[in-house]
Every structure is written in structure tokens, then in C-alpha cells.
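Reviewing the structure listed below.
Note that the chains take the letters A, B and C in the order they are written out, and that residue 1 is the start of every chain.
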């Protein structure tokens, strides 16, 4: 499990609008990579292009290569559905399926694809995933209750459990804590620390301290100007990025002078 | 055909651009058979609806043309098609417009009552009550109209004839059964009222809270707030709601067929026993006895009705859609 | 009627600002008291033995409020109160036909209902006796057939509009024309079915399935619109969550989107059925009327409740009494069916919506 990703010269378009331009970045396996930058700079768009989720929006397309384990995700014969099974995702707002119980939510990846499994196997997956997501002790007595009855932080951990239940190689997180209170946020940050021993994690965040706390590598995105595409300004070791960035724009952003 | 207002979503432009300007970049991602079948089925269903609508026009035209072309001695009514259908169109329009004159002010009042005057908690249940009116089958309206409303209105018609007889509308002689075009219009008004009310209510409730509060903050009374904030916002909505009601009134069949004692004349006299008929009622009343080219003539008159209501509904929906674009709702 | 409101007002000792803010007002108990009196008078007028003129008296009592207000509070307040009176009056006027219809149909229809009425057809019946069994069966069969045609087409069209075609020009057109289609007069739908069936079966064709086709023309747009609204309400986040788990689009629709929207879809479909089950005009044209039971949608005339009601009252025969009674009975049964469907729809949406969705 856990694979590295190599992105080379990736352009992302919405129709004829170039949203993100020329991103080249290696993402190491079993580490946490944080994307930071001002709103609208394309970091979420870029994140979604890593498991082809941006294609859900009509007219979106990319140019360039995203290699995972040497395989191009955008090769002609690649099925985006299979790509997404390989690269899981957690969203900004917790989104458990309202029609399903907690256990069914965890198993959603298997169940929705009508994968047959034995009861024992299913129970194992539920327990393992919920334990990994640090939620098992809180919900083990009410696995058959609706997932939407949990608190926001619990729901988000349920969504993480759901994402890792399919055993992906990579976990993408799009501002996973922005809808949560500080306590839930800190629980999820601890969880990210634990998960990186098994998964390659990429996280988008607006919270500088969070990036500093959870990530090994930080990448800074910025807009060249209004109507210009977003670009990757620089990336590197998180401690280096926060103490001694190369680009003045990065420094300005990290010190909170703009954006 | 041009593009109807309100169909140009931003993302649509994007698609068009991708497909025309950069065809070389179109990927051929493998689609799953399940996806292909599902997408095909849903597209087919959507196209079937278009085909049905076209089918209505085509089949009515195909079966109607012989009726339009029929010479007077080949049909039961013994006149050319235009002479046959013109009084019916007159009656249809008269009944519908009368109904609308009564229903629109009432509907606006009811909608305003539900949305802004009744206690907030009661708004939804009161809305249901009005919606129940829309649920009553038209044949029940007919039964009610013929046996309750019409006799109940006879004294009123007598009074109108005696006191307002100098107005051509009430020239009389007053019908003894009460089955006049005015009675039919009242029934129609009751039938279209919930349609208009429902739309007006929605629109009134959508009035931006900020506008309302701005008006109240200026010291406006509730009525002044309605005039300042609600009506300007809702004007096009009220117009299109009325037109949808008009479409409904034009096409309503049974209530008119049962209530109206029609003789197919052209008159503005609303309370006498000789009344104009409407297209829909005329079809309902004569279709079962009709044979040969008379059937075709009836279908042709149905085509005329279809064209009129289609036009009215088309215009109404176009106004609604344009409003959607500018209101910034959603 | 005594006033229970004796709010003590600090008239004296108020600061100058407060007194300039306090305009002259009607005593607080006046509007509610007069309104209550007016409503009471109107109710007595409608239901009581005195006569309908009491309603007018009641209205005049209520009309005192704006006039009094004009004298005490000035024209702006008075105008506001007048409008309040007018919109309330509009609502009361609207309640009248609803109440009147329910009252007449129930009072005249209820005595007719009996086990014979529900279990006998009109075969070989002259004068008294007979029932609506054949019409009831016809209505259920034709409506069921119409639903069987309309629900798949309507649902799949809604799926196309929301999940596949959203934002495309074709979807824009279809959405628009579906809206326009909701306005097709029911008699035109009947003529369409007739014109269609004439091609295959020759002039004078009458067939139950034709009625189902005609009703479908009326029902499909309603189903499309309500399903579309419900699918629109399904948060996009759920679709994305499903895609991100590597679920293909069609499975996402079948297993995530549709179950989430199910309660709303059932409600919408039930309301659509309620709308067409009472349609008369199209069935009059294409299904006709017969006195006997006919279970075959593809074989000849088929009686339905609305058409049976219509003919029973328009062409009652001799003596007219029993036939007209049967018309009231059938109208009541039809009304009950429609109201039950409406009630069922509301209950479904109330009890089966996903909990905690928003």
C-alpha cells in the first residue's frame, strides 16, 4: 500500500479557461503533503485532478501527466472509476450517505459496487476502518444507526473510515477540517499523523498552522493575477517552507500579509 | 426555432467551446456498459417526450386537415370550418377571460394572505387547503356547478337583469336554470385559482428578506412593504402565473360542458339562457355522436385549442424562465 | 364580549422621546375582538338557521376596523388595515367553494354508498340499483396502465435532465417543453390518443389503453417535474462521495441518488396519479362508457368513474332520480380516492424523508 505520485507539467482547463498551469511536483509515499495558497488559486482543482474527480464537472479536462507507480492516470485506456478506487478522497464538508447506517456507510465502497462478501468479512472491514479512523469506540454500539446522527467531527471521521475501507493507495483531503470545531480538528490532525504510516496523504488547507503541524512537505500555489491561471510557486520540506521560503510571495502569504 | 430564454447555462457554453475549439483533445475514456445503457435509456426517455409533444401536433393535424377542408354539406354542422370554429373560439376566450378577471385579484389576495398575513406556522397548512381545491376532479366541479352553484345564482341573475339590465353584459333575460356563461366562468375561476395562488405564493415567499426588512426599516406599514418590496419583485411572476391560469381555463372541458347550457351563439350577454360554447366543451358534448368528417372537424377544433393554449403556456413559461435568470435565486 | 386585555400603559412620566414615538392607536383589543365577532357571525350565517345575509353583516363588522383606524390612526395605518381585511376576505371567499363542494358531495353522495353500489355494475339495470364496480375497475386499470407508462419515462427523463444533460441545450429545451406540456388541455390529450389509435384500429375506436395513453400525456410532465425537483435536492456532495469511492455513475444514481430522493419521488408520483385519476375529458373521447365490467384494456369500451359520473348526471334516462343519485355516489367515491391519494402523498413525504438531511 501507499504509492508515490509524480505530476509533470499538468494544465487543468474548464472549457477553454485555463485554471491551473504547468504543475510539476513529486508527492512522496507515506508522507503528508499540504497544499496551501489563497482562495481560487487552483489547489483544490489540482487535488481533484489527482483522482480525476474534477471530470465530474462538465467541460473539465487536463493536459500533462499524473504518474502513480509509473502509470499515467490520464492514459487513454484508464478508467476514471478505477482510478478513484485507487485514490480515495475526503471532502470539505462531511458527507455520509443519509440513507445508510454507520456500518453501511463504511462499507459503501464495496456495497455500492455490489461486491459480495461474507458477514464476517464485512464486520472486519467495518471494525478495522472505524478503528483506523479513531471512531470505533464512539460508535461500536450503534453501527446500525444513521450516519447523519453523528456530530460533525464524527461524521468527518466516518467519511475517512469510508474512504480507507476500500484500501486505497492515496488519500486526498480537501480542507477536511474547515467545517469543524477546534477539538474535532485536532482529533482529525492526530488521525492524519497515524494514517500516514499506511497511506500517501495529500491535504488542502487554508490553515497555515495546520499545514505546519501535519505535513512533511508543503506546496504553495498562487495566482499570477486576476483571470490568470493558478500556478505552483514552490514546494519543499515543510520546516524549510515555513522558516526560509525561496519565493517572496510564499513568505508574504505564510506570514499573513496577503491572501 | 430559437433558444427559449433561460436555457443558456454557463456550463453549456463551456461544453460547446470544448467540442468545437479543441476536438483534438477529446479523450476516449472507456465507458462501462452499465453507464452506456443507463445514459442511453434516460436520453431515450427524454427524447420520447419531445416525440410525444411533436406527435400531439402531428396526429391532430393529420386527422384534423380533412375536417378543415370538408365542404359544408359533408359535416353535421353544415358550415365551413372557420364559421364553425370562430364562435367556439369566441366562447372559449370569453369564458377564460371572465374567469381570470375574477380569479387573479382573488388569487393574489389569497397568496398574500398565506405568505405574509397569516401566522407563519399556519402558512403551510393553509397552503394545503388551497391546494385541495386543485385536487378536486373537474367532473366533481361540474356536478357541483350544475346542481348547486347554478340554481343558487338564479336570484342574483334576476337581480342583475332588473337593476343592471341597461349594461349589455346583463341584458338578460335571466336564465331560469342559472346555467350561463357567467356561472361557467365562476366555476372556471375557482378551478384556476389554486394554480395561480400556488405560484404567486411561492414567489411572494421568495421575496428577498433584505428588501422586506429594508422597507420595514424605513417605517413602512405591512401594506407599504408589500407595495415597495413584494410586488415589484413578483410582477413578472404574477403575470406568468395568470397566463398559466389562462391556459388552464382555456382548456378546461368538463366543468364547462356540464355547467353551460350552450347554443353556440356569439354574445356578450352573460346571464341569458343562450350562451356561446367553448371548443373543449363542444368536443366533449358532440364527440360521441359524431361520425365521419364531423369527427375530423372536432379534432381540427382541438388542434386550434392546442395551438392557443400552447402559445399561452409557451409565453408564460418564457416569462418565468427569464425571471429565473434575473432574480438570482438559487 | 369582554376585553381581557388591560395592559397598563405608563402614560405618565414617559420621556419626551418615548411620547413622540407613541402614536395614537386603536385600543389593542379592538381588531381581534371585531375579527372574532365577524368570523362568528359569518360561521353562523353559513351553518346556522338564520340565513346567509349574516355573512354580510359579519363583514361589515370587520370593516369597522379600517374606518375606525382612519379616524384614530391616520390614513397609512388605515390603508394597512383595509388591505388586511381584503386579503383575509379573499381567503375566506376561497374557502367557500371548497367547503361547499365537500359538503354537497358528501351529503348527497354518502346515502348512496352501499355494498351493492361497490360490487354491482350497471349491466341490465334500468332505474334503481346497480353500482360502480365496472367504473371503479376501469378507473383503477386505466390509471395503473397510465402510471406504468408514465413513471419510467418520467423518472428516466428527470434523471437525464439532472444527471446527464444538465446545462446542455437539449436539456434546456426538454425542460422548457415539459413545462409547456403541463398545460396541454386534457381534451387535447384525449384527441391525440384517438388520432393515434385511429391509424391502427380505424374510425370510432374506443379502448381502455387509449385512455391510458391520453392520461400518460398529462401525467408524464408532472412526474418529470416533481422527480426533477427531488433529484435536484440531492446534495452534490453525496454524488461526489460516491464517485470518490470508485462507484460508476449509473450505480451512483441507482444506489445513492434515487434512494435519497425516494420519499420525494413517491410523493410526486402519488400526486401525479391523484391528478390524472379524476380526468374525464380524455376518457370520454377514447375510452367511452359501457354498462358492463371490462377487464381488457385492449378490447373496446371501458367505463371509468369520472365518465360514469358525467353521463349519469347529463343523460340520466327515465326516471332520472336513481341515475343522478348514482352520479353523486360516484363523485363522492372519486373525491375520496383523490383525497386519500393526496393524504398518502403528504404522509409519505412526512414520514419517509431521510432524517437529518439538512
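A few points about this structure:
One rule holds for everything that comes next: contacts are C-beta pairs under 8 Å (C-beta built on N, C-alpha and C of every residue); 3 or more make two chains touch, one makes a residue touch a chain.
This one's a predicted model, so the numbers in the text were calculated from it and none came from an experiment.
For chain C, the chain with the farthest CA centroid is A.
By number of C-beta pairs in contact, the leading pair of chains is B-C. Between the Cα centres of chain A and chain C there is a gap of 48 Å.
Chain centres here are Cα averages; for chain A and chain B they lie 52 Å apart. Chain geometry summary: the mean Cα position of chain B and that of chain C are 15 Å apart.
For chain C, the set of residues that touch two or more other chains comprises 166-167, 248, 251.
Residues of chain A in contact with at least two other chains: 58, 81.
Counting partner chains per residue, chain B has residues 11, 15, 32 touching two or more of them.
Residue ranges on chain A touching chain C, taken from their complex, read 51, 53, 56, 58, 81-86, 88-89, 91, 93, 95-99, 108-109, 111-114, 146, 148-149, 159, 162-163, 166.
Residues 3-4, 6-12, 15, 32, 34-35, 37-39, 41-46, 48-50, 52-53, 55-56, 59-60, 62-64, 105-106, 108-110, 112-114, 117-118, 126, 128-133, 135-144, 146-149, 190, 193, 197, 221-224, 226, 244, 247-248, 250-254, 258, 280, 283-284, 287-288, 291-292, 295, 298-299, 302, 305-306, 309-310, 312-314, 316-317, 320-321 of chain B are the ones touching chain C in the complex.
Residue ranges of chain C in contact with chain B, taken from their complex: 76-77, 79-80, 83-84, 86-91, 93-95, 97-98, 100-101, 104-105, 152-157, 159-161, 163-189, 191-192, 194-196, 198-199, 203-204, 217, 220-221, 224, 248-251, 253-254, 274-275, 277-281, 284-285, 288, 306, 309-310, 313-314, 327-328, 331, 334-335, 338-339, 342, 346. Chain contact summary for the complex, chain C toward chain A: residues 166-167, 235, 237-248, 251-252, 255-256, 259-260, 262, 354-357.
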